[in-house]
């Protein structure tokens, strides 16, 4: 882009006599906001030396909607539907976190049926989110077919959600004091059918992508993050667990009915892209395990404990509650002044914090690795920008 | 083998002379002293033939790619325009031709306009030497293999020029990747070719085909042919920039690589050259390793050979070529993309050593007639 | 370690710390000048070892003319949480950055600066994050006026 | 962060102090191959992947594509699917809305405007129920909030229009007292008179940016 053309001969002449290589120049490229592998409108300002990444500067805010500000104008009940729109692939879990915060502070009791259904839905949500991630991951690495297989299988989960909650993506299903509807009579049947269908498909995923020698070469030893730096960088979810820290809220501070089910927390050994990949694949298996334990044991009970028009007021004070979404920990910090609207609501979004680790992992690798890293973090841009 | 210009005898398996062949190029050369009009006519005929071949290939292959990709991915593919979307490619071509041809503000205009044609030219030049059937070949060059290798490498020029002239960092990155990649893989491809040249003892493509009348080279040389075939196939896929070697386009990394800044008709030309390239590569591979138009013969099993001869040679050629095209598409819709340094590692550390060892083995095999049905 | 133990350990590190009123979890309210040293010992003290900064945000107490900076810390070793909060005057919103203690703080503090206008001293790269560079005002402040954006709900 | 830095993490939290949690699975250890083994295992993995795609290719029954406009006749949405807010009317053309405005309060996006008028007896009745689909998030709050079951969500999803103003809907077909009130009126002529539509339902209505204001 320079105005005065510098020829190669000039460069050679300008290079020091003993230089073993020609003088090179570092340059910036904008990866995004419109870029196929930044999954929406994220922009990475990348400083490159040839193909080698020297520095990564994330630039965010292209779809900042001010959800925290909007929350100050909405009642708690109305705010739930905005939480759908943070990380839209974990809509139900997001609903749940806000409801959990509200229920805890307002002292609203729920029953076992509600908690079991919430847990089931959250795990289904985790599976569908990871399915989509797997597909997109494949596409980012060039295996386009994986993308469509992932979407094909995700369709079954979204159908189950559609049947029960009435929406496919932004369900607004979990509400303070219960659920919007009771589960659909066909829910149990549908989930069982899905589990039967999906188990062999998961093996196929492994065959198509995981075992592939190119994938292995692309992921092993790329973007290594030690436990210490992963913690210091504030990552959570599969990114943190891939780096060998077994911090899973479902296990360490069980909510819902997670304390009653058996499941393992997958943890990586090395902290590279492969470990993060593997952690998510294993999480899908563990989610299936959880669903299998719960699906036949949904207790009887009401699906809503309070009237849907009842005014919810939180006592004055600060409360913080969090839950494990598919991408990490979503925390909701509510400062209440005693009214039915939050005085200040802050959302600790998993993607916002996970994204920062790119700046530590990126330098020294190549552009193609940057794509793999970004994919292994599994970002959802609306959750970053909020 | 016959000299250039001399009429070539085409034989079937039982070594009986069937017909005499004069290629279009030979006729043109012969006509030069007599009539310039005849030369012009022959040339026009050749141009029309190649142009229609390119256009036809583009339409058929793009449709095939879409449908094959769709069915690999549990989709239907184009279904709306025409019966099962048969006219989809035509519709897309019209759309692309009608679109605005954008040249970036600070691009090198001349080079930017030229690049797609350079890219297509290399492809078309190879098309003219391929023996489609005993009677169908535009020019039978006596150094056919060398020609294919040399002209095929010329395609990189279009990509480099496109990347450089676009004045876009992504394009330039893509072009530089393509340059490194194609030049590297050219070596492996040529070394794999040399094995076949050793076996057949000729650089002429028609002669290479004829040398396989006892059996195709892929199986006739105790695995040497097969290894050479694999190396050539991999190197060829790399040379035409298709997944898993599509780092020059690298959609998810470089947003389109060297053709990021192209639109409309010029983009269509890149697209077309990619698909025709695929055909060329498949055809060359088929010619060298799978006998080209030569039916499936096994040495002296004359009855089998006679049955195989019932299928016309052009069908054999098209069948083999389409199979290879299908395999290349199958690669694309299964594999992820390699990284640029892994690509280089694969070439220089894996393919090239294997290729050299294989070439040595081929030389020994030829020296001691260690292959099935040696001709002498 | 129970919540009371945690608070007493925190008190032993910083005498001026006192629990934040009306907070559902173990908490400490400290004066702003103690922030960097206090936070560093929160991370390095083996009894506490708060190695993760879960979240950081600010609350605008317009009536009391102060910002409250809230830090939620977590220890992956002891698995306990604490809320640290500190107050800074609204007309002089300055605090020292903790980005040298937790690397994520650099990112989170930038968000707070962008939306709340808190200036962090010692922050390596304090720029606008979500909003454009030429945006006027800090939207999460309670006195922020924007008739176009904030007209509809109520 | 270099490629060679693949040594196992030495300070995994559970190893460091024994405060680990029960039930973790560690990622599998990488197997290393020599040159020849690497080439063959690599080729094998590629062939396995190709087997997966070929399996789908040769079975056209695995195609999952549904061709949308062609299958409209057989396409059935789930009963709970939310894509259009409707106000059900009974066979007499009456609805349950009493113009109480609870839905308007419950709506988080201010998508609902209930315009009421006074009837002959001075009672508040519904004049026009305006629902703005362009700002609706289909959160179902209005349907849940309605104490008279006057609203419901419908699965009709083909609502695309070229003009945003066409997304303002007037949900009430007739604007009189609800069916429960009407049924109590014995006098048939009186009832018919009360059922006189004051603003007939026009389907997708072309309102300006602001809905029709209230008044007589």
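Note that the chains take the letters A, B, C and D in the order they are written out, and that residue 1 is the start of every chain.
Simple rule for what comes next: a contact is a pair of C-beta atoms (placed from the backbone, for glycine too) under 8 Å apart; a residue touches a chain by one contact, two chains touch by 3 or more.
None of these values were measured; they are calculated from a predicted model.
The largest tally of C-beta contacts between two chains is found for A-D. Compare each chain's C-alpha centroid with the centroid of every protein C-alpha atom shown, and the nearest one belongs to A.
Relative to the C-alpha centre of subunit D, the farthest chain centre belongs to B.
Computed centre separation for the pair subunit A/subunit C is 24 angstrom, with centres defined by C-alpha atoms. Subunit C and subunit D, compared by their mean Cα positions, are separated by 38 Å. In terms of their C-alpha centroids, the spacing between subunit B and subunit C amounts to 64 Å.
For this pair, subunit B with subunit D, the centres built from the Cα atoms lie 52 Å apart. Shown for subunit B are the residues in touch with two or more other chains, namely 72-75, 333-335.
Listed for subunit C are residues 76, 79, 153, each touching two or more other chains. Counting partner chains per residue, subunit A has residues 74, 145, 152, 208-209, 212, 214, 228, 245, 247, 252, 360 touching two or more of them. Note for the complex: subunit A touches subunit D at residues 74, 77-82, 145, 152, 155, 159, 162-167, 170, 172, 180-181, 184, 204, 207-209, 211-214, 216, 220-228, 242-248, 251-252, 262-272, 274-275, 278-279, 282, 308-309, 360-361, 363-365.
In the complex of the two chains, the subunit B residues touching subunit A come out as 69, 72-75, 106, 167, 169-170, 173, 177, 243-244, 246-247, 250-255, 333-342. Those residues of subunit A that touch subunit B in the shared complex are 1, 27, 29, 34-37, 51, 138-146, 148-149, 152, 208-209, 212, 214-215, 217-218, 366-369, 371.
Contact residues on subunit A toward subunit C in their complex (touch as defined above): 60-61, 64, 66, 68-70, 73-74, 104-105, 228-229, 231-234, 245, 247, 252-253, 315-320, 322, 329, 331, 333, 335, 343-344, 346, 348, 352-353, 355-356, 360, 385-386.
Against subunit B, in their complex, subunit D makes its touches with residues 35, 39, 46, 49-50, 52-54, 56-57, 60, 62-65, 67.
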